[in-house]
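Next come two complexes, and both contain subunit A; in the first it sits with subunit B, in the second with subunit C.
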Partner chain A sequence: MFDKSRWRDYLLHLFGAAVIVILARDINLIARLPQDVNQGAIFKIIFFHVPMAVTAMTAAAVAFVASVLFLITRDFRYDALAVAVTEVGLAFLAGNLITGSIWGHIIWGQWWAWDARLTSALVCWILYASYLMLRRAVEEPTQRATFAAVWSIFSFIDVPIVIFSIKWWRTQHPQPVFWGGGSFPHDWLVVFLWNMLAMVLLAIVMTTVRVRQENAQRELDSLRRTAHAM
Partner chain B sequence: MHLQSIPILLAQMTTPDDIVREAARLQRNYEFLSLGLTVAWVLLVVYLLFMVSRWRKLKREIASLKVMLEDRQK
Partner chain C sequence: MTGFLRQVAVIAAKDLRAELRTKEAINGSLAFSLVILLLFSFAFDPTGDTTREISGGLLWIVFAFAGTLILNRSFARELPNDCLDALIAAPISGAALFLGKAIANYVLLLAMELISLPVFGIFYNVRWTGQFPELMLVLLLGTWALTVLGTMTSALTVNIRLREVMLPLLTYPVLVPALMGAMQLTMALIAGKPIDADNVMWLKMLIGFDVIYTAVSLVLVETVLVG
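So, the complex of A and B:
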């Protein structure tokens, strides 16, 4: 008989295994690729820095959609998805900020610059971190989910600013390789896209696990209420 | 972007000082690249471990509450 949850588990493990295989293969391939003449080996940080940013921004978009759907339907599954994907996106955005900072230390000679891209990305991280803090501060589940959804929608305003800041303002952050007139050699592009796939798969696995935790937390809250009422 | 392998880069240097400077630059680049990748991965692994520990704690609490509720119903 077709067991839905068992198949979900299989799929989750399959995705996790695929992530490990792809990343192990990619690290080996990245080490063998030639260097950029101007920047040297540090340029290879782009293989992690950009996929982490793309994953984080996608997570923010999913959180936005889930929050809107929660406010329309009041279905707590959307609230669980919103909190799960926000937390995972925050981890990826932190990785993106740190790898960018390390690149900046070598190329710019400083760890941080208060330009539009970096500042808006940091503001984005703070906004989504405050989303998680807000959830901890409100106890009543419906109120917590509603406030959090509104805050998530508000926070999403910063996402287009992060993405387009390098187009709208003159920034110290370089123009993007793909829509800024630059290009990747074919072998670099292939590894880059595989790494991007691995990051997205990793985010999917993490979000699924986190959604399950959120459902378990709801079950726990319900059991606590029952125990309290008895 | 322009790509070149390390031996070609070093062959373009004209003086021994240039070679030493370029080798030091390459070394520093590799060190910071390793640092960047390590930090990114440690961050994700720590987050994964945090998730696993939270999951175990939740399961334990649910199981103990269920046992407690069953006992009370008896």
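So, the complex of A and C:
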């Protein structure tokens, strides 16, 4: 018998196991890489810092698409995806901010600087945190999903404006290694890309688990309502 | 189209008339803006040169804080006697309702700001009249950004828990770029610098912000009000 939900379980577990294997391998490889000439061991934080930022940005885009699709179809599975991916993206952005802060503490001698990228990341974090606050404040499920979708669209439109406008302050953040003309040896790049894959897979697994929770929660709520009605 | 504009005008006139009769939002907002101006004088030395340099930024914090009192009332005013349901059921589009309310809020916010501005100039010894037309342009653009987002959040939060808390919590983060632009421009203008190549970018950004959020709000407000 082909059981669809069990098959999905296997796939999720397989993804989770893949994440653990790839991460273990990456951490091992990163630890063995030679230290950077200028920055020493702390430079290696980039292997987590940048993929986390990329994952968080991807999550914001997915949340936007899911929110638009919810408003068009009124299918609550899109609402579940939007909230799940926003929460996971927020966690990754927090990881990005924390790793950046640790790096700044060592290299700049201060935990925080009001530099363009840092400020933009912080504003985006607060933007999406307020999305989650909004969800908590609305009781009725349809209204919650609708309002949250509208606010997700508002927030996503704001992201490029925030980044663009904050750029007009003097920037202290190092130019991106990959597009800023910096050199990154080939074998480092390979490790970097593997870790990027690990982060994206981790985000997918976490999002899937959260989507299932949301769907289960919705079913529970509707059962409870039915019970009340009887 | 003329029908739409007439509906907008009717809603705006209705809101302004109701506000002029009670004056509850505008009085509260004005009193609040004076209190914040007073409190800032304790936090920063009001006679110092540095305070004068950052005073343009302070001014917008005052406007944003005091403005939420007006914006909070915008849709909440319609709750008693189920006026909101009647408005939604009325044969006008959500966009017309939203735009009418936004225009009423805009007038009230500008009134609050234009009264606060001279008080601020006297308290902090700032000569703000030097580039009056430019300052008014920044005021008009920055206030419209606050109005459009605030009216939208007012519609979003009207029926939810913690309404008074949620409105600023939602509005300010999204408003960050517009507030930054308005602050930078106001600081430059009060310092006597013209709007030139250095900060014309901020002006463009403000205009872009206003246009984008007005358009998105007009498209989405029906969904928010009707569901």
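Assume the second predicted complex is superposed on the first by the 218 of 230 C-alpha atoms of A that agree within 3 Å, B and C clash if a C-alpha of one lies under 4 Å from a C-alpha of the other, contacts with A are read in each partner's own complex, and residues count from 1 in each chain.
What we mean here is this: a residue touches a chain if its C-beta (ideal position, glycine included) is under 8 Å from a C-beta of that chain, and two chains touch if they have at least 3 such contacts.
Here the structure is a predicted model, which is why all the values come from computation and not from measurement.
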First, second, both or neither for A:150, with subunit B first and subunit C second: second
First (subunit B), second (subunit C), both or neither touched by A:226: first
A:3 touches, of subunit B and subunit C: first, second, both or neither? neither
Chain touching more of subunit A, residue-wise (subunit B, subunit C): B
Subunit B versus subunit C as contact partner of A:126, first or second or both or neither: second
Subunit B versus subunit C as contact partner of A:52, first or second or both or neither: first
Partner chain in contact with A:95 - subunit B first, subunit C second, else both or neither: first
Set of subunit A residues, in rising order, touched by both subunit B and subunit C: none
Complex contact set, residues of subunit A against subunit C: 71, 123, 126-127, 130, 133-134, 137-139, 142-143, 146-147, 150-151, 153-155, 157-158, 161-162, 164-166, 168
Complex interface listing, subunit A residues touching subunit B: 27, 33-45, 48-49, 52, 91-92, 94-95, 98-99, 102-103, 105-106, 177, 182-185, 188, 202, 206, 209-210, 212-213, 216-217, 219-220, 223-224, 226-227, 230
For the subunit B and subunit A complex, residues of the former touching the latter: 1-6, 9, 25-26, 28-30, 32-33, 35-37, 39-40, 43-44, 47-48, 51, 54-55, 58-59, 61-62, 65-66, 68-69, 72
Parts of subunit C lying in touch with subunit A, wherever the complex brings them together: 149, 152, 156-157, 159-162, 166, 169-170, 173-174, 176-177, 180-181, 184, 201-202, 205, 208-209, 212-213, 216, 220, 223-224, 227
